[in-house]
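One structure is given below, represented as structure tokens, and several questions about it will come after.
Order of writing sets the labels: A, B, C and D. Residues in every chain begin at 1.
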Amino acid sequence: MKKYIVLGLLAVLGYYLMSIFLLVDFGLPHFAHGVKDVYLSSSKNILKVSNAVTAIVVNFRGFDTLGEVTVLFLSATAMSGILYKKRHDIGERSILFPASSIIRSGAKMLFPSITLLGIYVFIHGHLSPGGGFQGGTIIATGFLLMLLTYQNYSVSHNRLVWVESVAGMLFVIIGLAGYFMKGSFLENVLPVGELNDLFSGGVIGIIYVLVGFKVAAELIGIIYTILHEKG
Amino acid sequence: MEKYLDILEIAIYGSAVALILIGLYGALTKKSLIKIVLGLSIMDSGIHLMMIALGYLKGGTAPIFSKGFENSADQMVDPIPQALVLTAIVIGFGVTAVALSLVIRLYRHHDTLRIDEIKNLKW
Amino acid sequence: MIFLITVLLILLLMVGAAIYAIVQKDLLFAVIASGVISLILSILFLILQAPDVALTEAAIGVALTTIIFIITIRNTVRYEDERNKKKKQKNVKKLAK
Amino acid sequence: MVGSPVLFVAIPLLAAFLIPLMGMIWKEFVRIIPGLVLAYMLVLSVSLIIYIQSHGTIVEVISGWGPPVGINLVFSPFSGALTTLMTFLGLLVWLYSHKFKRNVDYEPAKKYFILLMLMVTGSVGMVLTGDLFNMFVFIEIVSISGYGLTSFFVRRDSAEAAFKFLLMGAFASSFLLIGIMIIYTQLGTLNMAEIAQRMPQMDYHMKVFSLIFILVAIGVEAETFPLNGWAPDVYTQAPGPISAAMSGIVVKAAVYANIRIIYTMYDLQGAYEYLLIIGLITFIVAETAALKQERLKRMLAYSSIGQMGLAMIAFGIGTKEGVYAALFLMFSHAIIKSLLFFSGSYLVYNKTSKYIKHVNGMGKYLPITAFLFTLGAFAIIGLPPFMGFWSKLALLSAAADSNLVILVAVILVVSIVEAVYYLRVVNRIFFFKKRANTKPEKPTINAMIAMLSLAAIVLVIGFYPDLVTGLIERAADDLMDKGRYIGEILSKN
């Protein structure tokens, strides 16, 4: 019975959603003058950042990114609080499958290259597609591979805490530096350089590298917490 | 050419709405807690697809100014939905992780994942 | 034309995977189907000229979300209708004796 | 310039990232730093409120781009008053839970205080921000810390309540994204002032649908009627101070967002009537549901929902007097309900089930706590010498001015219901015999200070309501003047 009510409601919702979105033309500009044009032109001319998405994420709407990093931090904190046990010993790591020697040696070879790829992606975040979130998640997948393959591979919890705390604090401190030197939070305080140069965009590149470290540490922490949970 | 775009419009919007509806259906009717969380993440995927599709520009390029590939700003797709989706994906992952840890904790207490057997509170 | 057909096929596959993920009783298969959704989604983002989002979706949606779902399933139960794993195991042991 | 609104977000985040490191040095830092940060936020907001009396609204630009392009924070009389209220309550919640029972453990204490501090920060951010998507991010911060704090006690059914909350919150955030996206595709901006300015260009259907999506999303946090299923469970299962923080801080922020969107962003005709009707339904349903509750915190939860319904009714009247009454109601409800949650959770301290019958005879064993609970109960019913009386009076006179006689009658009748269930509890406290298996627990000294300062506010404002009415009137003026809000923000370019 409940199923049919839900199906009926969903049919109504789907009808209205479709009828709204079909009014919005696909592949054509929808509005006359939005903030989009300002973002694109000042990303190229003022900030000298090639990747406009990076410019938006780190500078124009950098406050969102700070909030988003905080959301990840909070969810890592909340998770370890939710799964907290009074006993101090953590459970054995759950093994998904016993790894064969091919996987073991393959993982060992892949891990450095995955980490290198991740670092490349977040260092070049302002030049090419990618950036802090992407690079951070790629590094986290590398660690995930190691954690799944080797049962006795472990990441020092204190080191993770250090990385995420220092990266997060530096993010806020760079923001505050903008506030005290230029008068608004997260404003660029360094010279912007030339378009398509590695050292372009002022603080944008630095902030994205910090975001990368923080996201990687956060995600590894989340995986580590849930992996050491024994049902 | 116009027709081509029309078909693509209906197909992409339609599948995004379909993902949203399928996810909602799963989250509302299924009994297993993991299925509910799965439904939520499918719904999020649908919304992300919708947002990117709304920012698409026909014949536009990715919003990246690269050397040797000079293109003007009005030939680029809208970068704002992309930035928003970037944020939304990461937030969605955080929510999913918290939800799954709550699922594990509920399993620890009740030894079951069926929502109709975990009813100490009124639903 | 070929491009259009490919996109349509991909979309169809994605919606099919979504339906499969909801209908399937075996949660492990359902989760892997949702990983397939994310994979196709990241291809679609690439087609829609959003490479940044495609990278994020590929790393988060395909790898991390899927793996934490799988770990959760490993720690709890695998089948949707499975009522009580521990009790069942106890009963099996009793029968074996 | 004494400070800037951006510090409300920057300093707590800095502290939150710092706490795990400082905790390695000395464990007590984990409890002290959040208190210092909350105290700093309170001082900052008080000094900014004094500053804007003479200099007008502060519009803070972030990352150096003027309002339609970058994100901006608005410290207006309205948002400033709410910020002060919320940081004050946050400080008291911290004080109350400083020596909390289970917080002797280091790890849970760390998590508890980080989550508490960021919940307050997120609420303040929700109130201050002038950007729609930024509001979404802050809502997520608030909700995730809410999930974590709700499931804090391992031994109760808290995980279930938290899961319920999470389910509602996840739907809400998805719907909010859809609503934001509809607005963005039509108007090409995410800044609230610019959206308000361009709103007449938008197609009518789009306007209605985006408003519905956004209201459903924010209604979950604001406890409007069909979406408040999570609230009673969460308030019952969460630790006592967190219930107070939820009803005093988070819900206030969500109501602010709701009102800002309806009053400033949209220019729809039927929106005020919507508020009036939804508020009335919420009020009646919640107050009657509270009457038959058996658990104390559940009863308080329903009462809290009902009071928010009352505030919505007042906003729905739509005149300046109505807005004034609504703000006064929100203010007095935040103070009084926190007092009730604080003292109530000591009255039923040693029982996980928290039945009302456990308060029997506590008046003899915990005289001060019982007295404070009674004070709160009288104040929230609206008995004359207390603070709740003035807010209810303002609401009734606003309704009477707008010729809504039926509304006045309904509010009065439902207030009698409210009086019945509160007086029932008070009766049990003082005139029943203590049950054999309940153990009274003396409040700690910090908790006592927190409760006494709240009670002092209730009494002082009960006798001298003029202390706050000026502030609230300015806030109401600020909310009603839509053109000035848009002008102040967009002229900052």
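Everything that follows uses one rule, which is that a contact is a pair of C-beta atoms (placed from the backbone, for glycine too) under 8 Å apart; a residue touches a chain by one contact, two chains touch by 3 or more.
Computed from a predicted model, the values in this text were never measured in an experiment.
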Pair with more cross-chain C-beta pairs in contact, given A-B and B-D: A-B
Centroid spacing, where centroids are CA-atom means, of chain A and chain B in whole angstrom: 16
For chain B paired with chain D, centre-to-centre distance based on mean C-alpha positions, whole Å: 30
Whole-Å gap between the CA centroids of chain C and chain D: 38
Distance from the mean Cα position of chain C to that of chain B, given in whole angstrom: 13
Multi-chain contact sites of chain A, meaning residues that touch two or more partners: 17, 24, 30, 34-36, 39, 51, 53, 61, 64, 68, 71, 74-75, 78-79, 82, 129, 133, 222, 226, 229, 231
For chain B, residues contacting two or more additional chains: 8, 12, 18, 20, 24-25, 50, 53-54, 56-57, 62-64, 80, 82, 86-87, 90-91, 93-95, 97-98, 100, 102-105, 107
For chain D, residues that touch 2 or more chains besides their own: 133, 137, 140, 144, 147-148, 151, 159, 162, 178, 184-185, 190
Pairwise chain contacts, counting only pairs that touch as defined: A-B, A-C, A-D, B-C, B-D
Chain B residues touching chain D - in the complex, by the definition given at the top: 20, 24, 27, 33, 36, 40, 43-44, 47, 50-51, 54, 80-81, 84, 87-88, 91, 94-95, 98-99, 102-103, 105-106, 109, 118, 120-123
For the chain D and chain A complex, residues of the former touching the latter: 4, 6, 9-10, 13-14, 16-18, 20-21, 24, 60-65, 68-71, 105, 107-108, 111-112, 114-115, 118, 125, 133-134, 137-138, 140-141, 144-145, 147-148, 151-152, 154, 159, 162, 178, 182, 184-191, 203, 205-206, 209
Residues of chain D that touch chain B when the two form their complex: 133, 137, 140, 144, 147-148, 151, 157, 159-164, 166-167, 169-171, 173-174, 177-178, 180-181, 184-185, 190, 229, 233, 236-237
Chain C partner contacts - residues on chain A that touch it in the complex: 51, 53-54, 94, 96, 121, 129-131, 133-134, 137-138, 140-141, 144, 148, 219, 222-223, 226-227, 229-231
Of chain B, residues touching chain C in the complex: 4, 7-8, 11-12, 15, 18-19, 22-23, 25-26, 30-32, 34-35, 37-39, 41-42, 45, 48-49, 52-53, 55-57, 60-64, 77, 82, 85-86, 89-90, 93, 96-97, 100, 103-104, 107, 111-114, 117
